[in-house]
Structures are given as C-alpha cells and as structure tokens.
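Chains: A, B, C and D, in written order; residue numbering restarts at 1 for each.
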Amino acid sequence: MSNDNSTAILLLSCPDRKGLVSEISYFVSNNGGNITDLDEYVDQEEKVFFIRIAWDMKDFRIAADKLHETFTPLANKFNADWEINYSNVKPRLAVFVSKYDHCLQEVLWRHKIGEFKTDIAAVISNHPDLESLAEHYSAPFYHFPIAKENKAEQEKKEIELLYELKVDAIILARYMQILSNKFVAEFPNRIINIHHSFLPAFIGGNPYKQAYERGVKIIGATSHFVTDNLDEGPIIVQDIIPISHRDSTKDLVRKGRDLERLVLAKAIHYYLEHRVLVHRGKTIIFA
Amino acid sequence: MSNDNSTAILLLSCPDRKGLVSEISYFVSNNGGNITDLDEYVDQEEKVFFIRIAWDMKDFRIAADKLHETFTPLANKFNADWEINYSNVKPRLAVFVSKYDHCLQEVLWRHKIGEFKTDIAAVISNHPDLESLAEHYSAPFYHFPIAKENKAEQEKKEIELLYELKVDAIILARYMQILSNKFVAEFPNRIINIHHSFLPAFIGGNPYKQAYERGVKIIGATSHFVTDNLDEGPIIVQDIIPISHRDSTKDLVRKGRDLERLVLAKAIHYYLEHRVLVHRGKTIIFA
Amino acid sequence: MSNDNSTAILLLSCPDRKGLVSEISYFVSNNGGNITDLDEYVDQEEKVFFIRIAWDMKDFRIAADKLHETFTPLANKFNADWEINYSNVKPRLAVFVSKYDHCLQEVLWRHKIGEFKTDIAAVISNHPDLESLAEHYSAPFYHFPIAKENKAEQEKKEIELLYELKVDAIILARYMQILSNKFVAEFPNRIINIHHSFLPAFIGGNPYKQAYERGVKIIGATSHFVTDNLDEGPIIVQDIIPISHRDSTKDLVRKGRDLERLVLAKAIHYYLEHRVLVHRGKTIIFA
Amino acid sequence: MSNDNSTAILLLSCPDRKGLVSEISYFVSNNGGNITDLDEYVDQEEKVFFIRIAWDMKDFRIAADKLHETFTPLANKFNADWEINYSNVKPRLAVFVSKYDHCLQEVLWRHKIGEFKTDIAAVISNHPDLESLAEHYSAPFYHFPIAKENKAEQEKKEIELLYELKVDAIILARYMQILSNKFVAEFPNRIINIHHSFLPAFIGGNPYKQAYERGVKIIGATSHFVTDNLDEGPIIVQDIIPISHRDSTKDLVRKGRDLERLVLAKAIHYYLEHRVLVHRGKTIIFA
C-alpha cells in the first residue's frame, strides 16, 4: 500500500488533559503530514476528549503499515481508545435484509455510483426474495433461513461467514429478525440498524401503526448501533417528515420508506468516512 | 351584529352517508351564501365524515343570530357534532403561565400586532413573576398561588373566573402545574398545552434532560389538547429541530424555546381559525 | 370498464359564483355517488373557483364512458376548464433521460413496487447509457441521438412516438436537452421537469456551481411544468437541504441527487393522483 | 480583567502549510491553556487554512491584555488574518430599525433573558415608532430621520455616534433604508442584515410579492453581511418554510416574520460566539 493519494483518519477519545491537541498535531506535522481536517470536542461534564483528525499521507514519513505501531506509545500515554483508517482502504460491509427492498436498493445503488466507498462483501437474508436485486448489482447473496429451532446454529454460521469475509460492519437494512445477544457481542458498535420511528417513541413492532393510532403529526426514522437492548443503542442519525390526519397506516409506510432510505444512507456515510465515535451509549458525530 | 364583512365557518362531523356535501352546500347557496373555502375528509376505516366550510355572510339571508337555530334540523338529520363560528367574533383566551416568559411573550405579541384574532381575557399564574409582562401588553393578570393543600380550592376559583370572563379556550403556556381531572372536565378539547418533546417520546418531567441522556439527534415540541391522561391528549401540531452531541441540556432548553413558541403559536392559530376537529383521541386539522 | 372499485376524480376551475359546490355535489349525489374527498379553493383576488372532488363509482348510476358527456352541460354553464379521471385508469408516462441515472432509477423503482399507478410507456434518451437500467425494469427504451443538425427532425419522430404510445405526460428526469417551443406546445402542462435549484434562484446551467460560488447555506430542487421560457414554468414542488462551507461543488451534486429524486417523485405523485391544476403560470396543488 | 472564568477564542485564517495546528495548539498548551473546542477547515481549492480555537484562560500564563501582543509574532509568521476575543467581554451591538417590530423585539428579548451575551449600545431608527419598545427593554433609542437631502449628513452623525458608543457590530433588523457605500466601508463584515427571501432569489424590494407572483412553494429568509452590492454580501444563515397556493401575499408576510426573526437571531448568535469568518465573499461558520 502506497501512502500516495491517501488520507489518514485518526479517531481518538481519552480523559481530557492539557496539551492533547498539541501533542497529537505535533506527531502529524513532525512526521511530514499536512492536516486537512480536524474536529475536536470535549465533554465538559465528564471531562472526556474526542478528536477526529485527517492528514494527507503524501510526504508523510511513516508508512501506513507502520503507523499503528508508531502511534501506540502516544496513545498509551493518553490512555486512549483509538483507531486509524485510510481513505484508500475501503471498509467491508455485510447487508442483512428480509423482504423489503428499499433500503438494500439504496445501499447497492449508492455503492454502484461510487458514493459509498466500500466493498459489499455480502447480502445476507433469511428469505430468498432479494437475491435477484443483489445479483443485479453483482453483490454476493447468502440465504440463511431462520426458524426458532435453528436460529442459534444459523447465527453461528453467519458469524463464521462474516469473519471469513473480513466484514467490518453489518447493516441491518430492514432485517426482520432480532439478533441474539451473542451475535451482537461479536460486533460491538459495528452493527447499524434502521428503525422506522423517531426513537425513543414507538419502540418495538409496527411503529407506523403505533404512530397512526396515537395521531402524531410527524413520523420519523432512526439509525442506531445495535446493542443488547432492542432499539436502545447509540443513535447515529434521525429525521422526520410531517404527516396529517389524511394519511392511513399504508401512507405512513409509503412516506416512511423515503425517510428510512435516506436516514440509513446518511448513517452509513458517516461510518464509512470514520466520523462516528461511541461513548457511554451515545454517539459523537464529526459531521 | 351585522352579517357584513363576516365569514361563517361550520365545523361538522357525522356518520358518513351519500349527499352530505350536497345538502350542506345547498343550505348555504340556497340562502344566498358564497362558499369561499371548503375542505372535506372521510375517515374510510370508521366511515366518519368531517367538513369545514366557510362562506361569505354578505348577502346571506339568515342573520348570524338565527343561523344556529336554522341549521339545527339538518344537523340533527345527520346526527352531527357541529359548531358555527364567525370571523368577526373573537374567541376569548385565558393564558396560564408560571415563570417562563417565552410562550406568553409570543402569544401576547401576536395578539398585539393583530395576528391572533382573539381577546386575551386573562393571564393566570401560580407565580407573580410575569405580571409586568402581562401589564406591558395590557392583559389582565390574576395570581393564584397553588400549594398541595389549596389546589382544589384555587382551581375552583379559577374555574369561576373563567366562566365569569366567558373564556372559550385555555392556553397552557408552559404552566408548571398539572390540572386536576375535575378542571379538565370543565373544558373538554378547549385546553391547549405545549409539551417540550416530540410526544409520545419523553412523556412527563424534564424532557430535555431525558433527550440529552438518550442521545437523540432531534428534539421536538408538541401542542395538544389536555385530557385526563398526562401528555396523551389529541395532538394538534408537532415540530422538531436537529441537535448534536455538542448540545448540553442547557443548549436544548435554549433551542427548544424557539420550537415551543412556534409550535404553540401554530396550534393557537388553527384553533382561532376554527380549523381543528377532535375525533377519538386524534385531531383533524383543516390547514 | 366497470364502475366497481373505481373512484372518479373531477378537477375543475371556472369563474367564481354562488352555488358551484352545491350544484356539482348535487350532480354527484343525485346520481348515486358518494363523495370521498373534496377540496375547494377560491382565488379571492381573481375570483376564480378551483375544485378537486373524488367519489366512489360503485353504485354511481352513470357509466364511466358516459360521464364526460353527461357532465358537459353543467361544465359549460360554469364556463369551466375541467377533466375527469378514474383511479383504475393509469396515466401513461414517457421518461426522458440523458446519462444521470438517479431520477430514472427512482421513477422505475416506484413504479415497480406499485407506488406509482402508471404505465411507463417509454424511456427516451439522447444517449444509450441507461438502456440496461430501463431493461432491468422492463421499460421500453428508445434512443434518439440529438445533434444541432437533426434536432428538429428527431423531435418530430419523438412526438410521433409519444402520440402512438398514447402518452399522457412526459417526465424530464435530468434530460440534458432543451426542448423546442414546438415540442413544448404539443404537451401543454404535461411535461414535468426537475431543476436542481430552488427556482427562481440559479436559472440555467450548472446551478450547483452557481450555488457554490454564491456561498448559499441551502440548496434546493424544483419540479415544474415546462413552458417556452426556460425554468419559468408553473412550480409543482420545491424542497431544500442545508449545506455548509465544507461542501464542495461535488458534495452539492451528491447531496442534491437525493433532493432531485424526492422532489420529482412527489411532483409525479401529485400528477398521477390528479391533484394539480395550472392557472396563470402557477399551480394549485390539492395535496 | 481577570483570566478566571473566561475563555479565549481565536479566529484565524492564513495560507495553508504544514504544522499550523501543531504550532498554534502548542502556543496554547505551552502557556498553560486547556483547549476546550477546536474546529479547523482547509479550503482545498484555494489552499487557505481556517481555524477557531477556544481555550480556558484559567491557569493560562499570559494575561488577556498581553495576549494580542504575545501571539502577534506567530500570526505574522503565518501571514494570518486573526482576532482573539474573550467570552467575558461582550460585543456591543447597535440595532437599526424602521417600523416593523418583530426583529427588534426578538433581539431585545433574547438579550434580556441572557441568551445574547451582548450590550445593546443603541437602537437607531429613521422613525420614532419603536421608541417605546426600546424603552421597555431599557435600550437607548436614537431617532435619525432620513430624507433624500439629509441622508449623507445623518449617516455621518450616526457613524460618529457608533464610534462614540464603541459599537462592534450593526444589526439591520428590517431597516428600510439602504446604507451608503461610505457607511458600509466604515464597518466591513460588521453589518448584519436580514433579507426576506432565500437569496439570490428575489433580490431587492418586496420579495414576498415577487414570491407570490412567481408561485414558489417555499419562502425564505437570509441573514448576510452588508457590502456595496445590495443583497450580495456573504451569507451567514438561510432557512425556508413551505407555503401553498392558499397563501396570499399577506400570509407570506405573516409566515415570513417568524422566519426572519429566527434566521437573524441565529446569525447574531454565531457572531456573538465568534463563529464567523469571511473569505472572498463567503462565510465559514464554525457551528
């Protein structure tokens, strides 16, 4: 891997103290890097420091494959959680779906036109319905039927496949199964779901019906990381659209589709550009 | 009261059947009225008919003070809930407040510049703080301190005052007391509250703190009619604004103020223009 | 064609006078129709009456193929512009494209999942690039290369094809050619364009570049009927998204794509549901 | 002035080169400052570096009154445009108005409740109408009637007053006079206007009437710095609201008022928090 034409992106959080920006930015510039983007945030209540810093790898004197090792002493000194990614290394995604096509369609299309810098390692489904859509976009399709009695076994196979395919993150694109805690624990903060309500309103099943019955004047969608607690993971993106008394549950489903597609796409976009940090059940988005 | 320069506005709901629009509009035109605005909606699930119809009273051959009587037979035939209002008869409002001034300021200012066609019959508060604001806008201010032991008694006096002042509707402009079921029962679908969340999320106390802790990416405000069940009445208007991890609870309070003011104002606007019908816990808004 | 399971939708405008709603609704109910939706609007400045009225054809005593003739005397009496459409007769669309796929993709996908009740009669392009996309959705593709010297001739052939295919409306889904006045005159208020700015800002070429250079904080998209004057036709739908100084022209193109897709889709939706009237260069949208 | 409880905010732009963040942040931390907020942006097309950096002055070893001098050599080395402000030093504003009260009301109210950390040095008007509003909020009111023949003379007096009052920035809160180029030249990038359209649409007089006549489906408001060219200065904030064919010009004025108030308030908020940089006719907003 050449440094040329690449940008390094460091995401780091640690207890706040003086001199953090100075020491980190010195590390970059002292090694010949030119910072192109830097965003920093300090949680004043908890005294935690968060930073996203991107620099041009051209002329940077540390090779990408040595950088992790070289930066480790500084990170250890700060007692930091951190990762470095490179703009020319594409994250690998697996997309989980059931029967609804709109979110999968959106992800595959954005990948195809070059908007999502990613490799679609797999489309995984508990139903065969969307195989032809995956094929149309040349994405490998895997069918894992899930029933009560084989769920644990199937999830085990899915996990093996995901490791084999070196998947970085999993997108639940309206996947109608609840993942077991065991599965979720394998991919902490790496499973992105789209829920069709403005959480925490309308947790659980059929949120459009719940919204219709409550008579709300807006409906929403929420993209979040999956945790053990259903619909309670760290929120990445939310948005809403106005509705009226004229909208039936069916209208909400139709209007909500557009929202779901765009909210999920925005969350994936942030993830792929390494703009998301998770801290104590919430996200910091360096947008 | 002269018919001239006035518009009559009929709000009506009844079981759906054929010929409703025809018979109602015939009633208007046969008596010389020119319909200026008509909006009709049929709830197809429950087969209920809703209509808002406005007509020019100029040249209308029934005087305003005889119209209710004249229309009654038709309404009875349809088994309808209905009311007729006139654009030149201003609804009378009482505004309940505590210490926050932003919603009261908004209501009084809109009244002053002529945007709200209403009479502000009273500003009622459990604290004396906003008396000078009421005075600045020449609105009568009444102070009813509320404590656990005098609440029932004070509410009784408030109700008497409201009847004495011939108040049509009550606006809870960030009033920090919960009205008793007895009080609410006196003014069904005539008490408008502003709640500082996108209901049904964050019901109850301190929704901005709840929002901060959950890490949502939007905050909202909801204006609704008050019923016996806290924050569960029919929703009139909702809106949201985006927030980010940078926003502290204090920032949410600040940003939310703008939302609360505008959402409440919009709900009052609909009410004053007789655009709101309530049916089975939800609203029909003829916007 | 059976009347069963169909809804008739009348769109009508005429000089305002008393009794219009009454006479029209009487026509419906007297013939056994049940009105399911009615929206009326009077332009008070110009004294023009507009109405959209929908009724259930079940039990209606006039057959759909006789209805136009039967209604004509009343329409003539009112000196009205009018049309009646039926929910079970799908409008036929031709979609014009060049090389960008996002708007075509959106239209064909919405058609496929049943959201657009329409027949896609043709996809017409001056380039061959999107043929495979059309094929994927089984839409007939026609390639009409346009050059300065053959434009008049090619447009003539396109018009012939459109008549042959009985096309009701033409969607310019980022079609990068300007249609001649002659072409436009064949389909008055039946050509729907998507322009990638909030008109009237940034008329003409490359609006995203214009937006970038001006330093606006929002970008928009506008769907409008095409007239002789470029980008000046009646506006159907507009929407915007916020941008910032961080967005390059390329980012605006990317963000704008989502807007263009949704704004165009919404305009087509209104058209297919017969919710759009045009009057003196502006639209009335019975949304 | 004590350093305690104060935050220093540096706004700086200069030609991009390596090491800028490192040297600036080292200057802060080496002198005992703790960076609480840092946002950096590089215009990759023009290779210009922009930064906003805030640090806690507690324990900072350079006193506020020496800081400008101490930082100058570094700034000169970078060939930078820069300013340092302190959170405990309030910018002083003059608000120019004519007869509309809504924007002035908004500014004075936000100041009163402590949301705007500013001193209102003067309310200046060409009409006497809003004197009582200024008085209500204890803001000094100055009446400068403007006529064709005395305009130059009156502006001269206004400028003298503004210098005398040590005004930092001027807010045109729906001021209905056009300032002369001479006046504008005295306060470059320090005069903030609110224009009632989404610029560059509807430049000049009566934008709501223009909007009504064009039949747009959204109206907007734009807050921008004033330059010699009317309505063409750098844009700070823009927002819009949806409208429909039902809205008369009068409705647009009413709906637009809410937008104008909030857009102007947001722009002032950014200014008071030192979040705005101007570069080549556009703004960088470190929001």
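We take it that contacts are C-beta pairs under 8 Å (C-beta built on N, C-alpha and C of every residue); 3 or more make two chains touch, one makes a residue touch a chain.
Please read all numbers here as calculations on a predicted model, not as lab measurements.
Taking the CA centroid of subunit A as reference, the farthest chain centroid is that of B. Matching CA atoms, the turn from subunit A to subunit B amounts to 180°, rounded to the nearest 5.
Work out the mean CA point of subunit C and of subunit D, and you get 42 Å between them.
Each chain gets a centre from the mean of its Cα atoms; for subunit A and subunit D, those two points are 37 Å apart. Counting partners per residue, subunit C has 41, 44 as the residues that reach two or more other chains. The residues of subunit B lying in touch with subunit A in their complex are 41, 44-45, 198-202, 214-218, 220, 234-240, 244-246, 248, 281-285, 287.
On the subunit B side of its complex with subunit C, the touching residues are 16-23, 25-26, 28-30, 32-42, 44. Residues 101-102, 105, 109, 113, 115, 136, 254, 258, 262, 265 of subunit B are the ones touching subunit D in the complex.
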